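Here the chain labels run A, B and C in written order, and each chain numbers its own residues starting at 1.
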Amino acid sequence: MNPALLSVEHLQVDAGGARGAAPKPILRGVTFAVQPGETVGVLGASGSGKTSLALALLGLLPPALTARGRVLFEGHELLTASRGARRALRGRRLSIVFQEPLTALNPRMRVGAQVAEMARAHGERDARRAMRGAVDMLGRVGLPEADVRAWRYPHELSGGERQRVLLAMALLLDPALLIADEPTSALDVTVQAQVLELLHALQRERGMALLLVSHDLGVIATSCARTVVLHDGLVVEDVPTRQLLTAPEHPQAQALVDAVRPAVRSA
Amino acid sequence: MAANTWHRLRDDRGARIAAGVLATAAIAATFAPWIAPYDPTLQPDPVGLRLVSPSWQHPFGTDPFSRDVLSRILHGARVSLGVAAGAMLLSVTLGAALGALAAVVGGWVDGVVSGLVDVLIAMPRLLVVIALVATFGTLSPWWLVALIGGSGWLTTARIVRAEFRDHLQREYVLAARALGASRWRIVWHHLLPAVAPQLAVAAALALAAVIPLEAALSFVGLGVQPPLPSWGNILLDGTDYLTTAWWLVVFPVAAVSLTVGSALVMADRLRVAIAGEERDL
Amino acid sequence: MSTLLEVRELVVAYDGRAGQARAVDGASLDVARGETLALVGESGSGKTSLGRAILRLVPAASGRVRFDGDDVLGLTGDALRRFRRRAQVVFQDPNASLDPRMRVGDVIREGIDIHALASRVDANQRVERLLVEVGLRANDAERLPHEFSGGERQRIAIARALAVEPEFLVLDEAVSALDVLVRRQVLDLLAALQAARGLTYLFIAHDLAVVERIATRVAVMQQGRIVECAPTAALFAAPASPAAQALLAAIPRIPW
């Protein structure tokens, strides 16, 4: 059997017990796997722990939160890895795109430079080559007039354009897995459709694995072949998306499916 | 939320100590006539009891006019802290009012207030007050309150104006307008409570600024006039004896330093408590 | 059904001055009493500005707004205050639309106090009834906004709007910032409140999927103008304008 690209085993995340308060469990033993090239959705309502899951996988949890369990990525144990090792993986093999592009980008740096920075952080020494690669990537994520927009600051771009910049940064070094945490929630619905389509296209073109975290089954169902449903810190369903849509078992899963069912209009 | 800030402060050792010092000073100042061992203006024996070093009968010693220094410090606290508190309240209230006016009314009112602030803030306050005092002649403590207080509204006005302008953009103010709230209601019920924590910090800092200001004025003879004691003029009386009668210097300076230091610590601990509250909100 | 709200050629400029770029560029619409008119469009289409101008929260450069026959744009003083009782709003961001320093009970009571609708004691009782009506608990009145989730804060905002007993409610992207499950619950609440109180809604949204459940008619806005207006089923079946078609196409195509 081929080893999974990402294997999460009994992942537990607790919010630290500050000042004598009992530690609050956020993830209570999450287990699932992602195969190379697979598209997996993590579906959960707010409070299910889905954002902590995404952060834990990349070692980006805030200091107040602690993680236990096993997370294996391409054979490397991520939870116990050194900071240096994690930094080396992040961006190159494993990338993440967040919900709020404005806060994820440096407001004082031109967007092209930020994308180029990604390359330089991972060893590209030639500044000009890094910049050229950045502009090229921005073009491939569909940023209109990439050679001009690369010189703009984040606040000069629209929400959809900023999200494309984040995608460019995440995909520049051709990672094997992209984790997208609510990548379209902050966007207008028409832009959302475009970004999801882009994600889908890039995933297919590169054979990249995609882990898409969202509260909206509509977003997941169009991009993910398999869906893991998270509720109250635990996985309650782990099935092909089609199956979830037609026959959800867990009540929470049922509720999430109903939430996106088109309305039956009474005349 | 004010409750939470209060709890934070209560648990904060620095804040407790600073508050303790200030409270002690305030109590000493208020009850000076009852707790001072001697009349501060009494000169019982200008020859025999002159410049006595600290002893059981005179814990802080006597000054060149045989007056008991401890009693003078206590009565001086009344005057120095009284003037300081009055000036602080005046400057903070005036600053808040002008800052609020500039932010809420806007237009030319804002132009005038902001312009004044920008110009006046460049002038060193001590020199301005000295110039004012020199113009108006020697003054009663009430006038000192007015002049010192009246010259200190600038930073508070800036803070309040900035905070008000920020909050005026926020959606909950828009919601209040949608409900039909008048501008006054918005200021009183929404904006002032929002700015109250910063005003508390501004008040503590203002206190820390005016205590030395009054002391300096009195020290150069332009502030509180003898025989009314103030920490500054106690020091003044001792200038010729600085090297021989250390108690004439140490006690007034200690009084000023302790109160100013405590006010600064309070300001800092308030800021920390407020930041903690902001995080929760 | 009679017309409650009538908007004609409304123009809203970006910074209130004439001759500037226009957020709303000559928009016209009608809302019948008791109906839910959805106002949809991409961000930047001007729908929020239109909603706010109708409520006199931003100045209109020109045009006409009639509410129950009265000219809204010309109202001042007491008449304006009376209008504010009849036409209320729920904003999008549950984090920003409640004063973080006020207890929830005081937040909801504010409208009652402003319009002197009840004595102190009666007001508090009204607040408790409103809290229950929106699905919260009476003793939630003592708590602060940050102790509640986003969906709960929107319920508080709805209770605040209802406290002055309005006839007309502008819902300015009121569910857009919420999780899908919570969104459904709040939409159900809004539908129930409409039936119970006979309310008229102007429902501003950028997502047609949300609108499908709750709207009787849909007005589509693009670049400051209304480009299409049709009953919901008709719009979904056969959208005429490119703007409507784009919005429909944007709804995720789930492989049921």
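Basically, a contact is a pair of C-beta atoms (placed from the backbone, for glycine too) under 8 Å apart; a residue touches a chain by one contact, two chains touch by 3 or more.
Every value quoted in this text rests on a predicted model; they were computed, and no experiment measured them.
Undergrad: So which chain ends up closest to the centre of the protein, judged by Cα positions averaged per chain?
TA: Taking the mean of all protein C-alpha atoms as reference, the closest chain is C.
Undergrad: If you count the C-beta pairs in contact for each pair of chains, which pair comes out on top?
TA: Top-ranked chain pair by contacting C-beta pairs: A-C.
Undergrad: Centre to centre, by mean C-alpha position, how many angstrom separate chain B and chain C?
TA: Between these chains, centre-to-centre, one finds 49 Å.
Undergrad: Hey, how far is the Cα centre of chain A from the one of chain B, in Å?
TA: Computed from C-alpha means, the inter-chain centre distance equals 54 Å.
Undergrad: Distance from the CA centroid of chain A to that of chain C, rounded to the nearest Å?
TA: 33
Undergrad: Which positions in chain A are in touch with at least two other chains?
TA: none
Undergrad: Per the contact definition, I'd like the list of chain A residues that touch chain C in the complex.
TA: Checking each residue of chain A against chain C gives 45-47, 159, 188-190, 192-193, 196, 215-219, 221-222, 241-242, 245-246, 255-256, 258-260, 262-263, 265, 267.
Undergrad: Which residues of chain C touch chain A in the complex?
TA: Contact set of chain C toward chain A: 42-43, 149-150, 179-184, 206-209, 212-213, 232-233, 246-247, 249-256.
Undergrad: Which residues of chain B touch chain C once you look at their complex with the stated criterion?
TA: Interface residues on chain B, with respect to chain C: 1, 170-172, 174-182, 185, 189-190, 193-194, 280-281.
Undergrad: Residues of chain C touching chain B in their complex?
TA: On the chain C side, the touching residues are 55, 57, 80-81, 84-85, 88-89, 91, 93, 96-102, 110-111, 114-115, 144, 146, 157, 160, 164.
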